[in-house]
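Once you scroll down, you'll see the structures, which are given as structure tokens.
Two complexes, one shared chain (chain A), two partners (chain B, chain C).
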Partner chain A sequence: MAGTLEAWRMGRPLPRYDTLHHAIAPADQVLIVAFVRMAGESRPWAIAWGAPGAAPSIASVPDGRVRDDVAGLCAAFAGDLIAHLSAGGPHLDPATTAPDPMALHQVWLPNGQHIAMLHQVGYTYSQTRFGGANRDLLRAFGRIAGWMFRDTSRVGNQHIVDASALLTASYVVPAQRVRTAHLGYVLGWLTTDGDREARLAAAMAAERLTVSPTMDPATEREPLAGLVDRWNDARRADGNPAAAAAQIATVLDGEVRRRWRLAEQAYLVLTADDRPVNEGVTALVTESQREFWYQYLRIEQRHADPDQGPAFIAHPETDFHGSSAASRYLIHEAADEGYIGHLIHHDHALFQEALDDGRAFQAQVLGVDDAGTGRSTAPRWVLRLDPTLPHRLRETTRVAPLGSRGHEAIVLVLNASADDLLVTIEWTARKTKPLLGPLQALPMDHMWLGMTVRFVLADAAALTLRRSRRVWSAAAGPGAWLTHGAPTAPIEITGDDDRVDLVLDDIVQIADGVEV
Partner chain B sequence: MSLAAIDSEYLTLQVGLVEHFAAGGMLAVIKAPPGSGKTHTLIEVLSELAAGGMRIAVAAQTNSQADDVCHRWVSSHPEIRVTRFASQGLAPAPDFPREVSWVSATSELPTAAGITVATTAKWSLTNVTDPFDLLAIDEAWQMGWADLMQCALISGRFLMIGDPGQIPPVVAVDVRRWETSPRAPHLPAPDVVLAEPSLAGVCFRGSLPACRRLPHESVPFVRPFYDFDFHAYVPPGARAVRMAAAWAEPLALGVPVALTLPTPVAGPPVEVDHLVAAAASDVVAQLLDGAELRMGVQRRQVRPADIGVTSSHRIMNAALSAALGVVANEVRVDTPERWQGLERPVMIAVHPLSGVTEPSSFDLETGRLCVMASRHTAGLILLTRDHVGETLRSFVPSAGQAPGRPDVVGRGHDAHLRFWDALAAAGSLRAWLDTTG
Partner chain C sequence: MEVDELREEARRNTRGRFEQWAKNPTCEANILSAVHNVRLDKAASAAGLAPGFGQSPFAIARGNAFEAGLFTADAAALRAALERAGVLPAGSRGLLDLRLRQNGGSRVSGVDAALFETEAWLRAIAADPWQADSIVAAPMVRIPKGVILPEALLIIDAVAVTVSAEGVRLTVGEIKVFPDRGGHTDPGQLASARAQAGVYRHALGLALDHLGLTPRVTAADDGFLVFTWPGSNAPSVRAREDLTYQARRAERGFARLEEVAQSIVRDDDFAADNPTLIARVLAAPTDYKEACLSFCDLAPRCHSRAMAADEPSVLGDDVARILGGMTIARALALMAGVAPADDREADVQRRLTQAR
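And then the complex of A and B:
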């Protein structure tokens, strides 16, 4: 709130934090995508895609309700999308080589509603029985869209960028939060020269135009509804629908291009930002590439080469298989736990925010001792904290020194009085390695006496990742009859032809030995 | 219902559980109302099973809970061999009972009959070569399904006991992907078990019959938070707080009281409400100025350590602590999450909707209010802005849950409304400013 008021006083958006918390890939490794859909339909009516700085490819169909036409539209886009993302992945197999963060290929979309279109695409096409010659391509399109959608809910993901969310995460805009969800509004503030009134006017003007894939109802009624009727009438009467089709394409072109341009503008704003990308983002990219490999590319290789065994197809709705659900949940939990831990060591503003919130602290070192016995080392520090500042320390809390991720200590004793707070910590990780920073001293070095050291709460992401693997291995345990048994819920899906069908669900696949 | 009849129900349940597992039963889920003696029941049942030769693992949700279970075991059943299994970095507290073995290595786990207590987190990463005969889970509604899955290596038989009205496991990530999964990993493990029809035939289901913590007259106020019925164990009129203030009349009868402050025209302060904090401070001062605590035949003056204070927001708790001044050193102020499992003779709670005029699903989740309303053994004083009743009555819950999932928001709204209406019906809604003027 204070930041928002300061931005209002200054009359312009202000940078949020000292660094950017997301990778920004080079333009030739970015594909910007925008959708338009017909009201009430879940599939695209028009799609724009292309690299920033170049003219986008734009394709549309005259009527977004005609399944085969929409399938053709999607097929036209699918190849480019798959090729683009996959180009970042040939060398991602962690068994053969370490992921190269520079190889990251991103897809940028204007906002969360465009990302939700990926879910619709995944639902529609990942197991489609239609599409004729395009069927396999459409299924591949459904699979990649499904993976893209699922990965966007993993904190710290780097492949799929919600331009609106990234801008508001990177800048404090002097407006209510609900208004900053509009990409055009935020860009109006960010890209307009002049004082507060000029920026506000530009933002409010942009706000009148919808960014969502669903168009303004007025536009859809006039001229589109009449044109679509004319196109359908001409088609049914064996007339010439081309004229109506061309007019529809012109309108849709303008609509989808405007949305695409907004996402492109967001990309250009962020690439022009002189703040560095946080050093911790490299680790986030590496994690994202591992996810991309294990959850998409590796499986696609099986689709391409049946000799490798049957390939797993994730269900678009949920993970029906208990182990699959729990494992993915824990992986997402680990990503969430580790996210701030990767960034906070390289961003003073982020550290200050944690300090104000009690998730970090600074303390003077009063004592250095080694509680180890024999050849073991157990460096202990006694720290003095300002008792008037907020903190969330408890005995057994794990902490890490700022700037030296990997080092870790556990809080052993808290001694609080009205005017003093003494904390005893014992170093538990990298305790025989010097801390990074100006002193470069071992934890048990008495040079630390009298120094002020800053700490952040340590995360348990590595432990949570272990637990995600444990979910699978526990299937061999005696309690698996309860914890890993198949649920009895029927799994049905209604197809386009209203036929109710049992889908190729994940439980059946895993039970049949398909490698997840 | 008479105390003898309630005691008989407890005994029947314990006997039933012992017979179920002694006969090879695989699974039991026991619901417990607040302060109903679930850990006591667990200790009694497991002691009998251990005495019969079973080797039992007990999962607690925190290290302090695990230590507390060990303390209670030693004092009530010293004949049972109890082991505390803990992480290597953790040392026993100075007052930890010496009768309990403290082990950190898996190889040191006992192989003979007895009880081994550890946290769920510890069990979930432990590979045992010789599985236990039973895994008993205390506070089971705080354990997510994903956590239980990792414990499949520990035992093939499960006993879950807990309070379903408490705050569910913390979920920090976007879980929409798994909302419709039949094994939703983020849901409380007992809820997943109870929702699975194929387990009905093997699962022993039961509930503890009575709340022993709350005054008899307070029990009806927390029933709306539960889907099973239970009795009050404390006799009518046995517990109360007597004080001179007119607003405190309901407390003298063992009934909670809600003190309302006017809601500003512009709406209530959202997170930090300094007037409510000041009112809480005044209430504490009045309690310490000669209020009498009646616990059965015992009567004495209220002391600072008898009082607990809670609100949903950490920042509001900081304001409450600041308003209390030096007394804050002896009065525990904390979030309802941290109050779970604890109790005080007198609790002062800031109603979770006090600063909310447009409740979200988070606001209407009943766990926080349920915890707040069920920590006292003698008196509960709620502080709130006076819009809450109107806010609840004018709110129309929308069913935002995934298909096939329970309408948590609608149920939460209903429970909140019933709680508020019960306060109104009991004459417990008192205007704070009017009564102090």
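And then the complex of A and C:
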């Protein structure tokens, strides 16, 4: 809240944190995408896509309700989208080579509602029976859109960028939170020169224009409703609908181009930001590339070449597979746990926030001792903390020294008095390696005596990640009824022809290699 | 004549007015607007503001087509979906269509006829449950209580009728054209659909009590929501939605709205014409919040006023809650280190400087 007030006083948005917490790929590795849809429909009516700094490709159809026309529109876009994301592709196989963070290809969208369109595309096309010559391309479009949507729910994902969310995560805007969800509003604050009044006026003017894929009802009432009626009337009467179609295309072009430009502007604002990208983002990118490989590319390769293994199509709602669900849950849990842990070592403001919140502390080293026996080493420190500051320490809490992720210690004893809080910790991870930082000394080195050391609470992301792999072979474990049980009832899916089929769950797809 | 027309429109729009009030129940202008059915876009136009909310003709057409499609051919599509979801037993039969002609129905000509037929239907299933049609489209019920909101009417989108040895069970359903995306379904859309179904549940319970039909006929505590499957026109039914809380919310809400309205509505309001009521709404005190941005066409006016008064609400509900009645300038001064005037300011100063 103090940040919001300070930004108000300064009359402009202020940087949030000292570093950017997201990778910003070079322009030639970025595809900006924006959608427009007819209200009430879930498929696109117009799409704009292209790299920042260049004119976007824009395609639309006269009536967003005509299924075959919309399929053609989607096919025109799908090829470029798949090629763009897969360009970071085949060499990423982590089984043979380490994923290359530099190969990250991103897709930027204006806001979360555009990302939700990806989900609807997944529903519509991942198992479509239509599309004629484009059917396989549309199915591939549905699969990649489904993966893109799913990955956005993984904390720390790096491929799909919600421009609005990234801007508000990177800047404190002196405005109501509801308003800052509007990309144009935030950009009005960020890109307008002048004082607070000038920036606010620009933001409020931009706010009047919708960024969502659904257009302003006023625009749909006039001129679009009449034009679409004219186009349909002409088509039904074997007349010439071209004139109406051209007028519709002009309106849609303006609408979708404006949304695309806003996302491009967000990209340019962030690339022009003076702050460095947090060093911890490299690890997030590596994790994202690994996810991209295992959850998308590898499966696509199997679709193309069944000899490489069984492929399956993820259902847009869930996986209907207990082991897979448990594993994915743990992977998301690990991503969530590890996110701040990757970033906090390289961002003083983030550390300060954790300090205020009791998720970090600084302490003076009063004692250094080795409790190991024989050849084992068990360095122990006695730390003194200011007892008036907030902390969340208890015995067994695991902590990591700031700036040296990987080193880890466990709290053995807490000894509190009115004036002191003495904490005994024992180093448990990388205990024979020097801590990163100015001293470059081993934990058991007595050089640490009297020094003030900063710590953060350690995350259990690595452990959670291991559990995500173990769950697959836990058929005899206590939770097997859940993770290895069969679905209780056949599950149905409605196709885009409104026919209802039983879902071929992933077990069947994988085990029997059923073609879907 | 104009007042009569307004009243009639007000009766029909009870649910919408109730939900509008619930979005900011502490704003007197909003209360007056809801009670007198003064549309906020009309009030905004009168104040020289451009209305920002409205409905798309495509969305309306899609919604109408979807609803109409559900009830064609003996409600085959809806029935199949309800049976798959376990709302109706397999092999269910019978559709009683009480939709008004203007809403796509074939028989019922007006409000009075709909009320009469709905009452007749409820009495008939109480007398002879086994002859009950399993789906009823658009029954209309009246909320009988109210001074400020007299004769509130509600059209329930659909009711599923199941019969057992214990009696007849009516399950209310809300139909929306929203895409059902499983756990990713828009939370706001889901919440509004549940809230509306809760209002139906409350109204149906009142109607059954009023007619003395309970416990032979009961309104189920759960309901169902009918959405669309994304990318298709097929219905997607969310069954067993617990409406207990939502129905209670509606019950309390109507009582509270009545109570609050009585304290601010003037006796002459109900005889007033529309321009007078709009003037009353525009002159009423307001309570500007972030929620106003999502529904109220007068929000820009309130924002300007809050800016002029240096109110912290322009920085969001969180800031406003912590600063209370303090101006932004005073909060900035406290942040800069001026001496607090009292304990309240000292507390705010501590919170502001600690968080920096």
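Basically, the second predicted complex is superposed on the first by the 498 of 516 C-alpha atoms of A that agree within 3 Å, B and C clash if a C-alpha of one lies under 4 Å from a C-alpha of the other, contacts with A are read in each partner's own complex, and residues count from 1 in each chain.
We take it that a contact is a pair of C-beta atoms (placed from the backbone, for glycine too) under 8 Å apart; a residue touches a chain by one contact, two chains touch by 3 or more.
All figures in this text were calculated on a predicted structure; none of them were measured in a lab.
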Once chain A of both complexes is superposed, is A:318 in touch with chain B (first), chain C (second), both, or neither? both
Is A:479 touching anything from chain B or chain C once the two structures are fitted on A? First, second, both or neither. first
Output check: A:336 vs chain B and chain C. Expected answer is one of first, second, both, neither. What do you get? first
So, does A:194 touch the first partner chain B, the second partner chain C, both, or neither? neither
Who does A:220 touch here: chain B (first), chain C (second), both, or neither? second
Check whether A:9 is in contact with chain B, with chain C, with both or with neither, and answer first, second, both or neither. second
Quick check for you: in the superposed arrangement, does A:406 touch first (chain B), second (chain C), both or neither? neither
Just checking: does A:42 make contact with chain B only, chain C only, both, or neither of them? Give me first, second, both or neither. second
Quick one: classify A:356 as touching chain B (first), chain C (second), both or neither. second
The intersection of the chain A residues contacting chain B with those contacting chain C is 317-318
What residues of chain C sit close enough to touch chain A in their complex? 52, 54-59, 61-63, 80, 84, 177, 179, 181-184, 186, 228-234, 236, 290, 293-294, 300, 313-319, 322, 328, 331-332, 335, 351-356
Spell out the part of chain B that touches chain A in their complex, as residue ranges. 26-27, 63, 89-91, 124-125, 131, 135, 145-146, 148-158, 172-186, 193, 196-199, 314, 318, 329
Show which residues of chain A lie in contact with chain B when the two form their complex. 150, 153, 155, 317-323, 325-326, 328-330, 332-333, 335-337, 358, 390, 396, 410, 412, 418, 426, 428, 463, 466-467, 470-471, 473-485, 487-489
Which residues, counting only chain A, touch chain C once they are in their complex? 1-6, 8-9, 38-43, 64-65, 116, 119-120, 123-125, 149, 174-179, 204, 208, 214-215, 217-218, 220-221, 224-225, 228, 316-318, 356, 492, 494-498, 500
